[in-house]
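Can you keep this structure in mind? I'll have questions shortly.
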Amino acid sequence: MKFRTLMRHIRVGCRNIIRNGWMTIASIGAVTTTLILVSVFLALVLNLNEIAKNIENDVEIKTLVELGTSEEEVIALGKQLEEIDGVEAVTFSSNDEELQGLIDSMGEEGETWELFEQDNPLNHAFVVRAEVPQDTEKIAKEIQSFDNINKVVFGKDVVKQLFEFNNYARVIGIALIVALVFTAIFLISNTIKITIIARSTEIGIMKLVGATNGFIRWPFFIEGLLLGVLGSFIPIAIVLGGYYYLDSAVIDTISFSFVELLPFNPFAWQLSLLVLAIGAIIGVWGSVMSIRKYLKV
Amino acid sequence: MILMKDVYKTYSNGVTALSGINVDIKQGEFVYIVGPSGAGKSTFIKLMYREEKPSSGTILINDMNLAELKNRQIPLLRRKIGVVFQDFKLLPKLTIYENIAYALEVIEEPQANIRKRVMDVLEEVGLKNKARSIPSELSGGEQQRVSIARAIVNRPQIVIADEPTGNLDPDTSWEIMKTFEDINSNGTTIIMATHSKEIVNTMKKRVIAIESSMIVRDEDQGEYGYEI
Amino acid sequence: MILMKDVYKTYSNGVTALSGINVDIKQGEFVYIVGPSGAGKSTFIKLMYREEKPSSGTILINDMNLAELKNRQIPLLRRKIGVVFQDFKLLPKLTIYENIAYALEVIEEPQANIRKRVMDVLEEVGLKNKARSIPSELSGGEQQRVSIARAIVNRPQIVIADEPTGNLDPDTSWEIMKTFEDINSNGTTIIMATHSKEIVNTMKKRVIAIESSMIVRDEDQGEYGYEI
Amino acid sequence: MKFRTLMRHIRVGCRNIIRNGWMTIASIGAVTTTLILVSVFLALVLNLNEIAKNIENDVEIKTLVELGTSEEEVIALGKQLEEIDGVEAVTFSSNDEELQGLIDSMGEEGETWELFEQDNPLNHAFVVRAEVPQDTEKIAKEIQSFDNINKVVFGKDVVKQLFEFNNYARVIGIALIVALVFTAIFLISNTIKITIIARSTEIGIMKLVGATNGFIRWPFFIEGLLLGVLGSFIPIAIVLGGYYYLDSAVIDTISFSFVELLPFNPFAWQLSLLVLAIGAIIGVWGSVMSIRKYLKV
């Protein structure tokens, strides 16, 4: 293809965008709405995923040391714990600290227990945190086999439920996103297909006056690209604007410690780029696929 | 140049539009195709630029065998043939200028050449002032002349015209015929389906008469008429 | 019956298609509109069935003032007028039968009547065997005859035909003209734009000649021609 | 309009569905995908809402009775608690029951506390449950003002966070649904609009041969209705099938007590009906709106 022909195709592609008026508006409208859907969803699911991770990270294993274990043995046990594969941090908590914690956690009712301060019936404890929360159970089992262990406690059921729930949620989230992206692809290329069906007579005429398939396809290629790109502008604006607003203003007023959004920079930018890419690719793909049928003979 | 041997054409709905067509048209000839409505004239023409495929038989154009033509070679065939369609087939969203320029753009002419050729040919058919209109803003005869202009703009070796004067008044018709005669005298083969007794009988050329899907008469310097 | 007074028509792109038209056509008249390509014949015709509005001037049809016609009255006007369009205007996805039947369905005829009338009129234009085809499967002349059939199927008071024989061979043209003369003799007003010198000069009727948007001649039993 | 004309319109509407081939398929495709999206979402959000409600319902207020309160006073207090506005249920739990509960909840570690069984330092308690979980805090305050109250305990922070979170989630869910329904409306009517733009020439011809606007509109009305109804079949099948599967098979394998889906009957049926209605209404509305433009003169 000669360079001037390429320029011609680009010119014609842009011209068609303008001349097709309503059809163009309708196509861009379809691209815009579907991409808004996709991007809002992506932002939501990715952030929920992040939140789920934060919650999981709060899970710890409490190792109670056998009563009457000597100080050296306790120190050795601490070392041993730190050396376990996948352990991130080990914190020691003496039986006095444990009692104080118990009293504190019980509030006023805890006062009753203060009488035990002289004769503490509690054990020393190690708080172990896993690098990967899913390893928690495995690590707990390993600790159980050590010497001088009175008991290994972690919210087994709660954690399991949480993980299970999070895993389900994550699978559902990813499934939804994949479904949504496919839906978007379908809807956009569907819309473009209809506009091209509406132009099949014109494509036929072009062929009759000696245009090759490539010559006909190129302006549609450009047009599809433009439709996709133009259609992704509003979704990107919404992603950037909305996310910025959420990130800075709203979150401050919500008081859950575990809710922490992915940082605006680079997350929102990456998402915008992704949306732009989806729009452009589907636009091109939709229009090129749709004319194929009319280019045969 | 153009050779048809034992050509039959039956459309998918079962209508036989051509049966047993044998024709040999030499380079530079001027041929009228005449015949009643529905006889098969347009079908005969559509076979030549491969809008339709024959059901059987051989068609050779410039030694290209249309039966063996690959899909990607079809545009090359069509660029050698300028066609005036019975229903004009203008691109509705393009201006008249753009419609005619399209036939030059497909052969990757430089812009400057395109501009000059299009304006020349618009002048020839008397529509220079309509260059910026779109087809739906033109009268029937004006649209027909645009179709004629597009057919001749890239100086094809063969011009095929399907009733090019059906929507034209006699004066304008004669001007168009003069244009055809001009390009014919420069060596272009011209094949023209027509219902105009006056034109055929005045401007004497070879006449092929088709009736009920068959060639019933084929004579040089013939008269209008298709009864055997 | 049909009265135009000082009618001007300028299209939105600035082209003046009609200027200072004054015409009075009586019930039962047969009128030819002649003139060169782009003179304004089709525009003149389009004003009568309100496809286009005049820029100024008065048009009365059957004492209906088209300038004062409300939008919802337009269908009533159009049902009284059968139009043969220059570009046929057939509904591409409907069969020939359905296309013609449409004009009867809009006036809520019973199915049985529709069937009979449509088959009769198809017989009249010689297309009975094409009833189940769709327009794109028809030749140019066949499509034109479908357009004619649709125009006359509901026996309108006025038949307006825009070059109804442009795609027809002389024999078929004469048959159509005979049909028009028949329905005209039954009292139907017929207005027909044409380029056919032969028809106008043979079947002598009133001739209105339009050139460059003006009426240059209006005579009973006139000849073809529009030079002043 | 005569009856035979109505029949004619219905016939023609159905015929157009068939004859428009690709356009029909594309339109139904658009309706189908958007309605799948809407229905899956509706099912999801409504069920999550239900789950959130279940969690909230688990919240209770624990009222500790002052040590040394006489039996009659305790009984009177119970009556008083039951009479508070918005209280659903009040359960008494003696100090022995409380200790047992504590011992049980502590597992093996709890054995240490068994020595208290002779000399129970715990209070009697009432467990109060609010009718509307959001009233919990208000009721707790009221109880605080009663006589013989040692302490009123409820997971103040946890509950508040949970409610807040649930409220946010619910608002987001509803917002998403509303947005999704509007998107669906837009996408479907957009698609139908394009197919009608593609037929504007035909509409023009109909007008030219004397059809009234109503005469032209009716078949489009029928066609839109059919498009909407046909397009809602697959979504309904997915709703019914998918929900039935989830309800019966999957949920059994998930072990969270608070996850309980809305019952298949009537929920899935209601949802199906809703989807059908949305499809039909948008189909009709989209097609009737879109031809309006072409019916003007």
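First chain written, first letter: the chains are A, B, C and D, and each begins at residue 1.
Convention: contacts are C-beta pairs under 8 Å (C-beta built on N, C-alpha and C of every residue); 3 or more make two chains touch, one makes a residue touch a chain.
The structure presented is a predicted model; accordingly, all values stated were derived computationally and were not measured.
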- Ordered by label, the neighbours common to chain A and chain B are none
- Give the fewest steps needed to get from chain B to chain C, where each step moves from one chain to a chain it touches. 1
- If chain centres are mean C-alpha positions, then the most distant from chain D is chain B
- Message: With centres defined as the mean C-alpha position, give me the chain C-chain D separation in Å.
- Response: 62
- Message: Can you work out the whole-Å distance between the CA centroids of chain B and chain D?
- Response: 67
- Could you give the separation in Å between the centres of chain A and chain D, each centre being the mean of its C-alpha atoms? 24
- Task: Quick one: label the inter-chain contact graph as line, ring, star, complete or other.
- Result: ring
- Item | Each pair of chains that touches, named by its two labels | A-B, A-D, B-C, C-D
- chain B contacts chain C in the complex at 11, 13, 15, 34-38, 41-42, 86-87, 133, 137-142, 145, 162-163, 166-173, 195, 197-198, 224
- Note on the structure: The chain D residues in contact with chain C across the complex are 1-2, 4-5, 8, 16, 19-20, 202, 205-213, 215, 296-297
- Note on the structure: Within their complex, chain B touches chain A through residues 49, 51, 71-72, 74-76, 78-79, 83, 85, 89-93, 102-103, 105-108, 110-111, 150
- Query: Quick one: in the complex, what on chain A touches chain D?
  - Reply: 22-23, 26-27, 29-30, 33-34, 36-37, 40, 44, 64, 107-109, 112, 121-122, 151, 153, 161, 164-165, 168, 172, 176, 179-180, 183, 186-187, 190-191, 193-195, 197-198, 254-256
